[in-house]
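Both complexes below contain chain A, partnered by chain B and then by chain C.
Right, the complex of A and B next:
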């Protein structure tokens, strides 16, 4: 079995390499034209002349992620949710563990630098998430960036420092549920708005569509928020940041918390 | 006719195929679970880079490079500017799909790390040959 697999890998490599050598001159250089579907997306991402089709977001990637292919992203969030739930399930059954005595964490210099940089990381992450509909970025990127700050604090200060500051698993679970609920509400908000007026609308609808005249406003007080995109990005920011923080908290639980449990079982 | 840009791009594609082969080798033949997970992340990242390259676009005009799929001055955009943007920007769809794939990949990697940690707690080893022998 192992030899067959090795043979397949070598064969795949040879086939791929030969393909590169054969078609190198013609197909490796990307073409000047892109798919017509991509042109459609680029043309309608921000287009004030086609108000019934546009997303009103100058960032084509975020328009695709949360509007054109919004359902994909909702399912992706579900996969992310399940992976985190699986991690929490594997980390269950932990007995109470006490803080060890003595000095914890790294040296004073590292701690001071972390104190400054953690705030800056959170600020940059919030900026990435809040401007996701204008510049490259969004809820995922912002959330993943923000999760670096608790990770740094976990390593440099210690697991107990974060818990004493109130960043517990339960709080993060609450924040994550809040973010996921936010995504769920924003997904059906246009539908809920249309219901009392007797108009029909779609799930994950953002701007008005040809057969549904209702939609969220693209501008609020002169500021472009691109309808649902801004709210999706904020909800996703909280969901991703809290999800990763839970996993980091679980992964840094001291090993003796699990060892103790085994000893209890043996007795 | 061999041009420099074709040659350089061929080097990139070749090294990516090499990367793919090495990652597959690592996943199948390295007995240690941590190394398997590292190889899996390399495989995922290489696949993502391939997807990004698929969406790239050659310079339409020889003096202006391809643009990222972001409309810069959206406040007073004219029809002509929008058409020019559509004709020079790269494909945004692979980028959106890769963005999704990266987050899922990160979550799945974290889950696998937890799984490996649990295996280590239960069996005291991460070597798949040892775990197979234990039959637990």
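Right, the complex of A and C next:
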């Protein structure tokens, strides 16, 4: 009976796919017209001839995320910040727990492979974040990728190895606060630059606008950085990487170690 | 001339990969215990993923129609192949070691098990 059901599902899947590929393809087609809003975004993402409207970033997604709808992304980061704060609050009171004796972690083969791959993961993550304004990717994606390296080390080497290497909850909390402060400063930096000159500017402004002639430089030494986008991506990278690492550190505290401390406290 | 040789060698490697994947799939279904099936799965990742990836890199290197972009394909293929080569054995090693040490899966049928005699279930 089970086999018959599985066979029917597979057959239905194949027939459905064939239908989509042959008959339905003639009737259901995506529209060839680009919607006017999308046209506007694509036209202005990188457009040096319209300096008052462009973002100067060839990556349309990053231009939308950090410029056209920048405020939304700042709020998203704030939500993520609150989630991390919540998880830290749940893990409060876990101050000290002793390292168990004996060999920790998986075998030497797995550890060696992790040593090689963790470095590569960090390198790829940094490239995703630093090229966020040129190629698909960005601060959040890069940070999430970088957080995989501490997760692997936590599982394969043990929780205490990471702590002994100095990757503690407090350091990560500091890095995350640094990243968030960076986002906050970059959000108002054009406004701060305009203030002494008596020009008015906007929060989350990147390039000059029609009624505000000030903006961050799009190029530094001939390299495209797209004004605020590069700084936003770096800050977000640190904030997200450190935030995820804190959560991983908290969820891998062994329950045994924690319980022992509690019992000691009760006595 | 050299590009034709590269493409042919690459195609052969991709073909070998396809055959190896078929063999690995048969092994996954036919082998009798967990450790043997893990062996079949690793055939699928090394012969069925590492070798065709190198083959695809060779095909891309020999294919002048791709222009200078062929080096991107080649580089991506070789790096991915290297990662598969080091990560897949480490993963299957970790799985097999954890399973054997925790004693979750007995070795059955077994001829000899030097690591732990109690895990060895002789046939018959």
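Just so it is clear, the second predicted complex is superposed on the first by the 228 of 267 C-alpha atoms of A that agree within 3 Å, B and C clash if a C-alpha of one lies under 4 Å from a C-alpha of the other, contacts with A are read in each partner's own complex, and residues count from 1 in each chain.
The definition used in the following text is that a residue touches a chain if its C-beta (ideal position, glycine included) is under 8 Å from a C-beta of that chain, and two chains touch if they have at least 3 such contacts.
All values reported here derive from a predicted model rather than from experimental measurement.
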{"item": "Winner by number of chain A residues touched, once chain B and chain C are compared", "value": "B"}
{"item": "Which of chain B and chain C A:184 touches, first, second, both or neither", "value": "neither"}
{"item": "Which of chain B and chain C A:116 touches, first, second, both or neither", "value": "second"}
{"item": "Which superposed partner A:107 touches (first chain B, second chain C, both, neither)", "value": "second"}
{"item": "Touched partner set for A:217, first chain B, second chain C, both or neither", "value": "neither"}
{"item": "Interface residues of chain A shared between complexes with chain B and chain C", "value": "none"}
{"item": "Chain A - residues contacting chain C, complex", "value": "106-107, 109-110, 113-114, 116-117, 120"}
{"item": "Residue ranges of chain C touching chain A (in the complex, touch as defined)", "value": "83, 86-87, 89-90, 93-94, 97-98"}
{"item": "Chain A-touching residues of chain B, taken from the complex the two chains share", "value": "1-2, 5-6, 9-10, 13-14, 17-18, 20-21, 24-25, 28-29, 53, 55-60, 68-72, 74, 77, 79, 82, 85-86, 89-93, 95-96, 99-100, 102-104, 106-108, 110-111, 113-115, 117-118, 121"}
{"item": "Parts of chain A lying in touch with chain B, wherever the complex brings them together", "value": "2, 5-6, 9-10, 12-13, 16-17, 20, 24-25, 28-35, 37-39, 41-43, 45-49, 58-61, 63-65, 69, 72-73, 76, 79-80, 83-84, 86-87, 90-91, 135-136, 138, 140-141, 144, 224, 240, 243-244, 247, 250-251, 255, 258"}
